[in-house]
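What follows is a set of structures to go through.
Two complexes come next, and they have one chain in common, chain A, joined by chain B in the first and chain C in the second.
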Partner chain A sequence: MNSIIPQISVGLSIASILLLIALGLAIIYGTMGVINLAHGDFVMLGAYTVWFLQKQFAMNLITTLPFVFAFVGAVGWLAERMLIRHLYQRPLDTILATWGLGVIMQQAVRLLAGAELRYVKMPDFLINPVHFFGYEDSAYRIFIFALAVALLIATYVLIYKTEFGLRMRAITQNRDVSRCFGINAGRVYALTFAYGAGLAGIAGALVSPLKSVAPDMGTGYVVDAFLVVVLGGVHSLLGTVASSYVIGQADAVLASWSDDTIAKAVVFLGVVVLIRLFPQGLFAMRVRRS
Partner chain B sequence: MTSQRQALHRLGGYAAVCVLILLVPLFVSDGYLLNKFARYLVFGILSLALSLSWGYAGILNLGQAAGFGLGSYCMAMALKLRTIPIQTGAGGLPDFMVWNNVHTLPWFWQPFHSYAFALLAGIGVPVLVAFLIGWFVFRARVSGVYVAIITLAMLVVINLVIIDQQRYTGGFNGITDLTTFKVFGVEFGAYSVSTYYLAAVILTLLLFLGLALMNSKTGLILQAIRDDETRVRYFGYDVANYQNFIFCVSAGVAGLAGMLYTLVMEFASPTFLAVPISLSIVIWCAVGGRASLLGAALGAIVVTGVQGSLSDSKTFLDTWMLIMGALFIVVVLFLPNGLISIVDVIRDKRERRRLAAAAGAPRRTAVVAPSRSAAR
Partner chain C sequence: MSIDRRKFLKGTATAGVAAAAGFPHIWIKNASLAYAAGGEIKVGVLYSLTGTTAIIETSLNHATIMAIEEINAAGGINGMKVVPVIEDPASDPATFAEKARRLVVGEKCVSVFGSYTSASRKAVLPVFEKYHNLYWYPTLYEGRECSTNVMYTGAVPNQQQKDLIPWLVKNFGKKFYLIGSNYIYPKEENNVCKILLKQLGGEVVGEEYVPLGHSEFSAVINKFKETQPNVIFSTVVGDSVVALHRQYKAAGLDPKKMPMASLTTSEDEVAAMGGEFAAGHFTSAPYFMSYDSPENHKFVEAFKKRWGKDKTTNFVSEPAYFQVHLFKQAVAKLGKGSITPADVRKAAWGQEYKAPEGLVKIDPKNSHTYLWPKIGEWQTSGQAKIIEESKEWVEPLPYWAYPGQVCTPDGMVEKKG
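Right after this comes the complex of A and B.
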C-alpha cells in the first residue's frame, strides 16, 4: 500500500499536465480540424514566460499564471489570424505550417533567451510535503492536480454552458449553416485557438519548476499529448480526460518498474495496437465527418 | 501527344541533372568539398524517399528520419566490428561496451560481422519497422493527420530508446571510430571520389527507378489513393496494402541513405534520427516539390548546399533555422507543390500561348491545373 499511493500521485500529476496540453489540442482539432504541431512550443513559451517574469520582476509562480495565459493565448490568437486561417481547406498542410511555426518560436526563444537550460523556482509555501491520512505527498503535485481539475471544469462550462461554447459547438457541427445564422466563424476559431494555446501555456508554467526549461522541451510534450488525443478520440472531453489518466498512470507505473524511456516505448506501442482495434479512439462519439 | 512530350521533357530534365551530378568530380578534386557534396546528395536521396510516400501516395511521414538513422546504425555497427583491435577494446568488443561493463557481444550485434548481413539489415530493419507500424495503422484505415502524428511519435520513441540503451548503442555519443568501408577492393573513404560516385550513382538509379515505379500501374494506383482513397477502395483495390508497400519502400530508401551517410560522416549518432532532421526532410521535400522526385531531391541539395556554403557558426545555424521555418511556411501557403512547380507554371503559360496562337483566339478551356490534386 505504501508504495502505491505515491505512485498514483505521480501518475496523477503527469496526467494533469498531459490533460491541460491535450485539452487544448483536442479543442483545436475538434473545432477546426487543425493539428497543431506548435502546441508543444506553446508549452515551452509558457515555461519561458514564467522564467522571464521571475527573473525580471521576481514574481511568484502562481501570480504569473494569468500573465502566462494571456501572453501565450495572444500568441496563439496571432498565429491563427496570420497563418492558420489560410489553411482550413488543406488540413494536412496545417501540420506543416504549425510545424514551421514551432521552429520559428523555438529559434526565436533560443536567440532571445539563450539555448542553456533555465530553472524556475517553486512557490515557497508549496515546497514542503503535506500529510494526510498518514501519507505524505508533495504539495506542489496536489496543487497541479487541483488546478488541472479547476481548468477542466472551466473548460466544460465554457463549452457547454456559455454563449461562446454554443457557437463553438454549432460551428463544429456545421460551419456553413452556423454562419448563415450569423455566427462569426473566424472570430470563434481565433478565440478557440487562443484558448487552447493559453491552456498549453499554463501547462508549461506548471511543469517549469519540475523540469529544466529549454527551447526544445515542447517536442516531448506534444508527442505525448497527441497520443492522448489519438487514444481518447477528439470529440469528447471525457475521452481526453480518461485517456490522459490512462497514459499518465501507465507512464508512472512503467517508469517505476523500469525507466522513463521504456515506459514511453511501451505506451507508444500500446497506443498503436489500440488504434488497430479502435480506430476512432477509445471514446468515440458519432459526429459529422469532414 | 503533349503528355508524351511532357514525359520526354521530364526524362530529359532528370537525365540532365544526373549527368551534372556525375560530372562534378571532374572539376572538384578537393576531398573536403567532395565530402560536403556527397552529404548533400545523401540528403537528396532522403528527401526523394519522403517524396515517394508523401508526394505520390499522400502519406505524410514525419518520422522519415527513423529509417535513415536505423540504416546509419546498421552500417556503423558493421564498420565498428571491423575496426582494428586497438580501438575496439578487449576481445573485439566495441570500446563503448567495454566502458559500460558489457562483457560479451550482444546477440543482435553478432551477425554484423558480415557485411552482406549489415547491408541487408540497413534496408531491412527500417522496412520491417515501417511494415509493422504500417500494418497497424493502414489496416485500421487511419490516414492523413493521424499517420503524421503516429510516425512522429515512432521517431521520438526510437530515438529515446537508442539514447537510453547506451550499453548497446553508444547512447548520446553514437558509434564512432569506424573503419573504412571496403568492398571488391574499392575503399569508400569519407573524402574519396568513390564515395561521391557511390552516392551519385545511387541517387541517379533511385530517380529513374522511382519514376518507373510511379508510372507503373502500382504507381498510378498510389497516386489515385492520394487523390481519393475511398474511390480507389470502391474500385476493389486493397488500399492498405498499397499504402503499406510505398511506406516500406520509402523507409528502405531512407535506410539506404542512412548507410551512405555513415560512410560520409564516419560515425552514427542519435541526432540522425532526432526530430530536427525529420523536420528538415519535410522542409526540403516541401520546398523542392513534394510531388516530383527530382524536385524533392534538388530541394534537399539546394537547401543544404546554401546552408553549407554560408557558415557553420552556432548563431548562424540558429538564425538559419528561423529563416528555414519562415521559408517553409511561405512555401506551404503559396506554393504547395514547391519550387519545381514553377517549371510547370511556366510551361502551362507557354502552352496556353501556343494554343491561343494556334486557335487564333484565347481559349480558357485548354488550361488544365496540373497539380491541384497534390495540394490536398
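Right after this comes the complex of A and C.
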C-alpha cells in the first residue's frame, strides 16, 4: 500500500507531460489531418523562447507563458500560410515538408542560440517539494499536472462551446459542405494550426526546467506525441486524455517493476499490438472525409 | 562505340599494369610516406563540430588547436611547424573512419588527435592499425582496450574509482544505487564499482540503466526513495544528467543524506542544469576547472582569451590539451630526421608533462597515462570545490577488473595460470 500512492503519482506525472505534449498535435492531426512532424520542434522553440526571455529580461517562467504561446503560435500560423496550406491534398508530401520544416527550425536555433545545453529557471516557489498526507511530491510536477488539466479544459471549451469550434468541427466532418455554408476553411485551418503550435510551445516551456534544453530535444517529444494521438484515436480529445493516462501509468508501472529501458520497449510493443487490434485507436469516432 | 565486359576488363588491366609501372610507389607500402616533410609536421584533429556530441567535442577541438598554437608560437618542434589538419566527423562513427583514413593516407599526418565517444574510437581503430599510424584519445573511458596504435590520455576506471568508493563508504555509508546510461561505459564502470564495494563490505541496492537521452526520471527517483541508498553512483551521460539532477531536487531528495557521485558530470552539464541543482553532489575526475595550480590558471585564462569569456574547461578538454604537449616532447626527442608514428609512440613512453591537473606521465607498459584523481563537490556557483586529492599520481590499469588480462606494449595478453 505504501508504494502505491507514489507509484500512481509517478504515472500521473508522466501522463500529464504526455498530455501536454500531445494536445497540440491532437488538434492539428485531428482537425486538419496534417501529420505534423515539426511538432517536436515547436516544443523545442517554446523552450528556447523561455530561455531567451529569461536571459534577456530576467522574466519568471509563468509570466513568459503568454509570450511563448503568442510567438510559437505566430510561427505556426506563418508555416501554415506559407507552406502547409499548399499541401492539403497531398498528405505524404506534408510529412516530408513538416519534417523539413523541423530540420530548418533546429538548425536555425543552433545557429542563433548555439548548440550548448541551455538553462531554464524554475519558478522559485515551486523548487521545493510539497507534503500532503504524509507523502511528498515535487511541487513543479503538480504545477505541470494542473496546467495540463487547465489547457485541456480550455481546448475542450474552444472546440465544443465556441462558434470557432463549431466551424472547426464542421470542417472536420466535411470540408466542402462547410465551405458551401460560408465557412472560411482557410482561416479556420490557419488558426487551428497556430493554436496547436502555441500549445506545443507552452508544453516546451513547461517541461524545460525539469528536463534539458537543446536544439534536438524535439525528436523524443514528437515520438511521444504521435504515440499518444495514434493510440487515443485521431479525432477524439477524450481519447488523447485516456491514452496519455494509459501510457503514463504503464510506463510508471513497468519502469518500477524493471527499468526504463524495458518500459520503453514494452510500451512501444503494447501500442503496436493495440493499433493492430484497434486501427482507429481506442476512441474511434466516425468521420466522413471528403 | 560500345564497351562490353571483355573490353572493359582488358582496358582496366592494361591501365593497372601501366599505373603499376609508372607509379611504383602506390604498390610499395609506406614507400612514399614522408611524414614531417618540408619543415612541417602534419597532425590530424578529428573532433565533431556538428551532430549530437558537437558541444563537448568542439571544446576538445579548441583545446587541441590552442596547444598547437602555443607550440608554434614557441618556435615549433626542432624548428618544424606543427600544422593541424582539421576534419569534422559529424558525430557519426562511419564518418570518423572515413575522415581518419583521409588524414592518415591522404594527408600523411604523423598522429591524429581525436574522438570523444568510445563508439567513434572503436570505429577508427582498424584504420590506424592498418596504416600503422597513431591515435591520441583524450577521453576518460571504460578501459579494457589495449591497441598498439592508440595513446590513451584520459582516465580509466581504476583511476576514477579507487579513491572515490572508499571515501564515499567512509563518509556516507555502504548502500549504493548504481544508475547509468544504457551502453558499454557505465556497465564497465559499475563492474569496477561492484568489485570495490565487495572488498569494502558494501551493498548494491539497485542497478539500473536508462536509454541514452532519457529525460523522465520520476520512476527512478521513486526507487531511490524506496531503497534509501546512502550513495547514488551515477554514470548517466549527456543531457540526461541535467534532467536527473533537476528532478532529484524537485522531488525533495537531499544531497546531504543521499548524494549523487558521478564520473561523468562536468562543468558543462552543471552550467546547463544550474548550480543550485548540482550543489552538494560529487564528481570524481583528474581535473576540475577550479583546481588551484599555476598551470591551470594559465590554461583557463588562455582558453578564455582564445575562445571566449564564457567558455569552460573540463576533464576532457584538459587531456585534449596536454596530450598535444606530450606529443611535442616525443617528437622533439626524435630530432630532425625521419619521424614515423611508431617512433613517436616509442618516444612518447615515459614522457612527463606538467599539466594543469599536475605532473602526468605516459606509462611505457600500456600507453595509458598516470593521472591525479580528485573528488570535487559542486557549488551553487557552478564550479567544484576540490575536497580530496590523490597524494600521488595513480597508475593506469585498463584491465583492473579482469585479473587474467594485462595490457603490454605488444597489446593485450592473457596471463596463464
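Couple of notes before you dig in:
We take it that the second predicted complex is superposed on the first by the 288 of 290 C-alpha atoms of A that agree within 3 Å, B and C clash if a C-alpha of one lies under 4 Å from a C-alpha of the other, contacts with A are read in each partner's own complex, and residues count from 1 in each chain.
Here, a residue touches a chain if its C-beta (ideal position, glycine included) is under 8 Å from a C-beta of that chain, and two chains touch if they have at least 3 such contacts.
On a predicted model such as this, the values are computed, not experimentally measured, just so you know.
When the two structures are aligned on the shared chain, A:Phe67 is found in touch with neither chain B nor chain C.
Of the two partner chains placed by the overlay, only chain C lies in contact with A:Gln7; chain B stays clear of it. In the superposed model, A:Tyr156 lies in contact with neither chain B nor chain C.
In the superposition on chain A, contact is made by A:Ala214 with chain C only, not with chain B. Of the two partner chains placed around the shared chain by superposition, chain C is the only one that A:Met122 touches, whereas chain B remains out of contact. Using the contact criterion defined above for the overlaid structures, shared-chain residue A:Phe164 touches neither chain B nor chain C, since it reaches no partner. After overlaying the two complexes on the shared chain, residue contacts for A:Tyr88 are found with neither chain B nor chain C. Looking at chain A, you'll find residues 115, 216, 220, 259, 261, 264 touch chain B in one structure and chain C in the other. On chain B, the positions that touch chain A within their shared complex are 58, 60, 62, 133, 136-137, 139-142, 144-146, 148-150, 152-154, 156-157, 160-161, 163-164, 275, 279, 282-283, 286, 315, 318-319, 321-322, 324-326, 328-329, 332-333, 336, 375-376. Only residues 35, 37, 83, 86-87, 90-93, 95-97, 99-104, 106-108, 110-111, 115, 216, 219-220, 223, 226-227, 230, 259, 261-262, 264-265, 268, 271-273, 275-277, 279 of chain A touch chain B when the two sit together in their complex. Chain A contributes residues 3, 6-7, 10, 13-14, 17, 115-119, 121-122, 126-129, 136-141, 209-214, 216-217, 220, 251-252, 255-256, 259-261, 263-264 to its touches with chain C in the complex. Within the complex formed with chain A, the residues of chain C that make contact are 52, 54-55, 58, 182, 208-211, 213-216, 218-220, 222-223, 225-226, 239-240, 242-243, 246-247, 249-252, 268-269, 271-274, 276.
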